[in-house]
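Below is one structure, written out as structure tokens, with a few remarks after it.
Each chain carries a letter (A, B, C and D) given by its place in the written order, and its residues are counted from 1.
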Amino acid sequence: MRRVAATDRRARSVSASGLVAVVVGIAACGAWLWAFLATDRVWLVAALLVVAAIAFVLVPRVDAVGAYRDAFARHRRVAVALSALAVLGVGVALYDQPYPLLMLCTVLLFIVPCIGLTIQTGYAGIVNFAGAAFFGTGAYTAAVLASRHVPHLAGIVAGGVVAALVGSLLILPMLRTRGYYAALVTIAFGILFSTFLEVNNALGGPQGLKLPGIDLVGWKFNRDVAVGGERASFYVNYVVLSLALALAAFVFARRVERSWVGLAFDAVRLDETAAAAFGIDIARAKILAFTLGNFLCGIAGAVYSMMQGFIAPNNFTFGESLILVSIVILGGLGNPLGLVPAALVIVVVPQKLQFIQEYRFLLYGVLVILVVLFRPEGLLPRRAREYFAGTLR
Amino acid sequence: MDAGVLAQYAFNGLMLGVIYAMVAVGFTLFFGVLDVIQFGHGDVVMAGAFVGLATYLGLGALGIAVPAFAVIVVACAAGFTMALAGAFIARYLVLPLRTAPAFNTLLVTLMLGSVLRELVRLFYPNGSNPQPFPRLLPAAAINLGNFTLRLDSTILLVTGLVTIFVVNLIVRRTRLGLAIRAVAQDSETARVVGIDFERVVLVTFAIGSALAGIAGIVYGLYYNEVNFDIGLLLGVIGFSAAVVGGLGSIYGAILGGFLFAALQTIGSVALPVSSAYNNVFAFAIVIMLITWKPTGLIAEPASERV
Amino acid sequence: MTFGGLTALDALDLDVAGGEILGLIGPNGSGKTTFFNVLTGLYRPRAGRVEFAGRDITGLAAQKVFRAGIARTFQRSRLCLPLTVFDNLMIGNHVRLQRHLAFNVLRRGALRREFDANVEASRALVATFNRRLATRLFDAASALDMIDRRRVEICRALVSAPRLLLLDEPSAGMTHGETRELMDDLLQVRAARAELTIVIIEHEMNVIERMTERCVVLNYGEKIAEGPFHAVAADPRVQEAYFGQATA
Amino acid sequence: MQRFLLAACTCVLGFAAAIAPVAAGAKETVKIVFIGPLTGGNAALGLGGRNSADLAVQLHNGDAKAKYAFDMVKLDDQCKPDIGVQVATKAGADNSIVAGVTHYCSAVAIATVDTYHKFGLPVIVWGAVLPAITYGNDYPEIHRVNGTMINQNEQNAKLVTSLGYKTWVIIHDTTDYGKGHDEYFTKFLTQDGGKILADFGVGADQQDFTAILTKVKELNPDVVYFGGLTPIGVRLRSQMDKLGIKSQFEGTSGIVSDSYIQALGPISEGTIAFIDGAPIEKLPGGRMFLEQYAAHKYAEPPEAYGAYAFVAANLIMDAIEKVGPDRKAVIAELAKTKNHPSIVGPVTFDDHGQNVVPIVTAYVVQDAKWVVWQDSDYAKGKRKLAGQK
């Protein structure tokens, strides 16, 4: 009895110090993010990247990290909330710099479809090389509905739904195939999709479609925000929305993973025969994962397109799908958290390399290859399923 | 349309098919030994073409202008360089990732592709523009009504088929081929019986990439033009062909290659709607085929032990 | 049941009484595993019928067969190695868990209760096998050694409280010592649930001898002998099947 | 990892040093921006444009009388609308940037007009030909020096019909560029009484056209019209030759590039194409441009639209010289542009900021050179185009 009390006390003190650790860690990341987005100075960008690299190399080797990680695991809710606040803080700190804000939104809005792909590929093992196609389906749905004066909120949701519906066209092939054969199905669909949009003039053809800025029940997103005397860029609106979306998707994916559903997904991914032999309904699991993923892609696509104000078929090509897949793999297959650094690398770094003009993609490609060779499991590899905080021991 | 035109379509289709098949065979070989997809393979083809081009210009500088001789040197140069490149790729990009999820190989090879592309674009003189590829083969042509049979195209078609046939022989008849197939069957057991796994992998990648290099030359000599960005689409099509045919099977890859060529030809001429839909058509059919035969037309031997 | 010309399983009729332990023996390729696969719906039989607890389950899908109460282990370990022991057990128990997305995502409190209950149950079950293993419930299966993996596999088959348990060579790849341990564990479990019926495929004759009241000998997919182990072992046809003409 | 990154940084810094602008005396330095495709499939034209704009800046900074020294930021839009919006925002939000020379790809140019308007950044489009870019809105910020595909195809149809050709087959890529040309050429050609036997759309990354061309061979038109860019133009022309198609080949501004001739060699002989603007070689400024371009030893040729980038950059710099580095003033000043002399002829912006007097020049390949039609042997009748009586 007494021992129990003692351990409790110890646990509490540990958790207190852990909480501090969590706060400090997140604050540090926030600061880094702010600096990275805000600056355009070559040496500063380089320095920040080096810092990040060192962190990624050293952190797994430092012994204290184990305890640190536990701290995060124990204060899951707090950590997520704080991180969201940190990102919001970065958004506020950049209030009068539209470009960094736009990049922040882009990163957040790329994370959402990647969470979708994580549910499909990382959890249920369904390869999807048509992410951009479903992203695009959402975008075009939103565009068409907006032009018909449908309320934008409805349009955005519809984007997700339509994407899921279009996805159901592929369900039969998806269920019959595995691995690279399934991959081909989606590759074929992705190419088919963008080619069709380009050739067919019904939806603007190659010249694309214009969209209005989002207007959520009177909240006009394309208006600069006037707070007191200060005028904040209208992109702040989009930061708030994208952040909310990304956060929701993240929490959702986490909860799916940390539940019996996530378990079923894993079983299907790792060994279909065994899963079947234990009564798990493989078709159900695959359809569920596939539909959820496409829904997320569609929603994000709708918001993204309205933020961009213009969409054209070559925003949604096979190449774009590969970008999404790259983010998912680079982050560490199956770990939504890894998507954040990965998205930064894939989306922002090429823009930071603008100053070397035509050489940037060469350097960028080499950079990614090296990152993967140095971290074959991705930036933040997935860890064992911890259904509820602290249950992993 | 008359017989001549049909013959013309058929011949064009075959020519296209042989190029696709050469690419697809590479994919299927790599998958066989390592269960990975080398997504940069299309750009290896492109690189092969440019190596050949550079070699030709080099020969010109040396004052050697005998086409017959030049074409052989060019082809060998491309094949050999790409073989080395292939072995290098296997050794430093693919093998290190064996333990990691298969997807990471995918990401790395994708990036490899774009790196190759950018390298050529930036460092080959005026590389962002299409480059003329020399006409090294006799251009004599026979006209049968609407059908123009050109000697050079015929030579290329035959060359392509022969190269594939040779690769097939190597894999089916030689001891090396035996090793390759052993590894493809079950790499663990192969190791146990003392096959040098890594060596086999390197050699396989060398062979597949050499084939790609030669494909690049065939491409260049057929179209008399190469561009730095032909790789991505060639890669996707080669991959599709290999998968539709059945990964791991050489015959499957060949079948897939010709099938895809046929689909594109039909798509651009026989479709009631605009020919621009030909890729929509081709890939839609691909999806249907895969749904119908989920492990490819020539299915790999299912080895699911329960 | 035939594989491209070769008949793997043929004219085998065999009935198992509830609560007994039946041994299934025979030389390699005699169709033992195939028999399991047909039973559990991984293969479809060309002819014949499978009846379980008075119900025809011939050619049912694997999922349905399992739901009917037949669980199995595999010859080669088929654990999901990256997952924890607990996760593997829950795969075995999945049909009895709340599978609805809304429940799993929204009703975390209820999920937590279900989770805790299952943790306790799993711990208890694993403990009946091996106390030490019970403390490693949240280790990755890949971290376990061969015998523990085998234990987990059997637990995974037991956790859903099936009425018929099919064990495919539980001793495969283990030392004699380990095998003995495992047998002790199995007998313990058996003692705890008298109603459980078990069919064991084995090459280890001493396992059969220890565990089974009755055993059936297969050769070329046909039943060639049936009865208590000693009787069967003495049967000349069996000896011929195992050692060929030489000893006859 | 760290070591690599350090290495990367150093080389990066190297690049930075390499492209740092030449420090220009004690003059006030003004920033302007160039945006175009510097990577990917359209990089050739993008780099040509960048070099030409850069040349304009170099020359201006070399001029001692100039009030300001200019520093040109160069951004890559990858020919992708969303990336275009990103870089446009980057430039627009940066208040130190006064004006921009922007976009070769129409889809990108049309995607970014709102952004420039939002930030009030005056830009002059140097390559995109889609009419809607200027005529689809009334934003004072948006101008364009090059003509639209409308003028080009009007002239084109007039000339070729006058040469006595009767039947056409149109092949165009399915990008906005190709489709636009297809639309307007069809319109004007039918007005001028030409007959279109067939119209094929092809993917911008398509390699093999033998199937389509076999069909063309069957139809046997007098002329094959191609709306698209050099890479496909080259493939089409050489594959026509392979299949023994004897029809005359004509193209749009997209194929008027040295690499078209270089890639095709002798079979490029006789190809007709049109660019909107005066023949550069003819204007004194034009010759100067070409000489200077050569003198500055740029790695890539200026390509078809380099001259426009050069002109756009000059217009902007002249305006700034006049009214100072202030966006609003520059917009007002550009609006006044009338008969402003330039190496592509006098520039006059209409109320949509569109240069209204683009002289369309017809070119024909003669002895491996793009020769202005009027003074070519073909016009003089010394040589005959394919199938000409």
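We take it that a contact is a pair of C-beta atoms (placed from the backbone, for glycine too) under 8 Å apart; a residue touches a chain by one contact, two chains touch by 3 or more.
Owing to the predicted nature of the structure, the values given are computational and were not obtained by experimental measurement.
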Chain whose mean Cα position lies farthest from subunit C: D
Selected pair, greater C-beta contact count between A-D and A-C: A-D
Euclidean distance of C-alpha centroids - subunit A vs subunit C, Å: 42
Rounded Å distance, subunit C centre to subunit D centre (Cα mean): 73
Averaged-CA centre spacing for the pair subunit C and subunit B, given as whole angstrom: 48
Centroid distance [mean C-alpha coordinates] between subunit D and subunit A, Å: 38
Residues of subunit A engaged with two or more neighbouring chains: 195, 198-199, 273, 358-359, 361
Contacts with 2+ other chains: residues of subunit B: 118, 121, 232, 274, 276, 279, 306
Subunit C, residues touching no fewer than two other chains: 42, 74
Footprint of subunit B on subunit D - complex, ascending: 39-41, 43-44, 47, 174, 199-203, 205-208, 210-212, 214-215, 217-218, 230-231, 234-235, 238-239, 242-244, 257, 259, 262-265, 299-301
Residues of subunit A that touch subunit C when the two form their complex: 252, 255-256, 259-264, 266-267, 270-271, 273-281, 288, 384-385, 387-388, 391-393
Subunit A partner contacts - residues on subunit B that touch it in the complex: 31, 37, 93, 96-97, 99-101, 103-104, 106-108, 110-112, 114-115, 118-119, 121-122, 232, 236, 239-240, 243-244, 247, 274, 276-277, 279-280, 283-284, 286-287, 290-291, 294-296, 304, 306
In the complex, subunit C residues that touch subunit A: 40, 42, 61-63, 66-67, 71-72, 74, 78, 80-84, 87, 90-92, 94-95, 97-99, 101, 104-105, 108, 111-112, 115, 119, 138, 140, 156, 160
In the complex with subunit A, residue positions of subunit D that touch it: 1-2, 4-6, 8-9, 11-13, 15-16, 19, 38-39, 43, 47, 50, 74-76, 79-82, 85-87, 89-90, 92-94, 106-107, 110-111, 114-115, 119, 130, 132, 174-176, 179-180, 201, 203
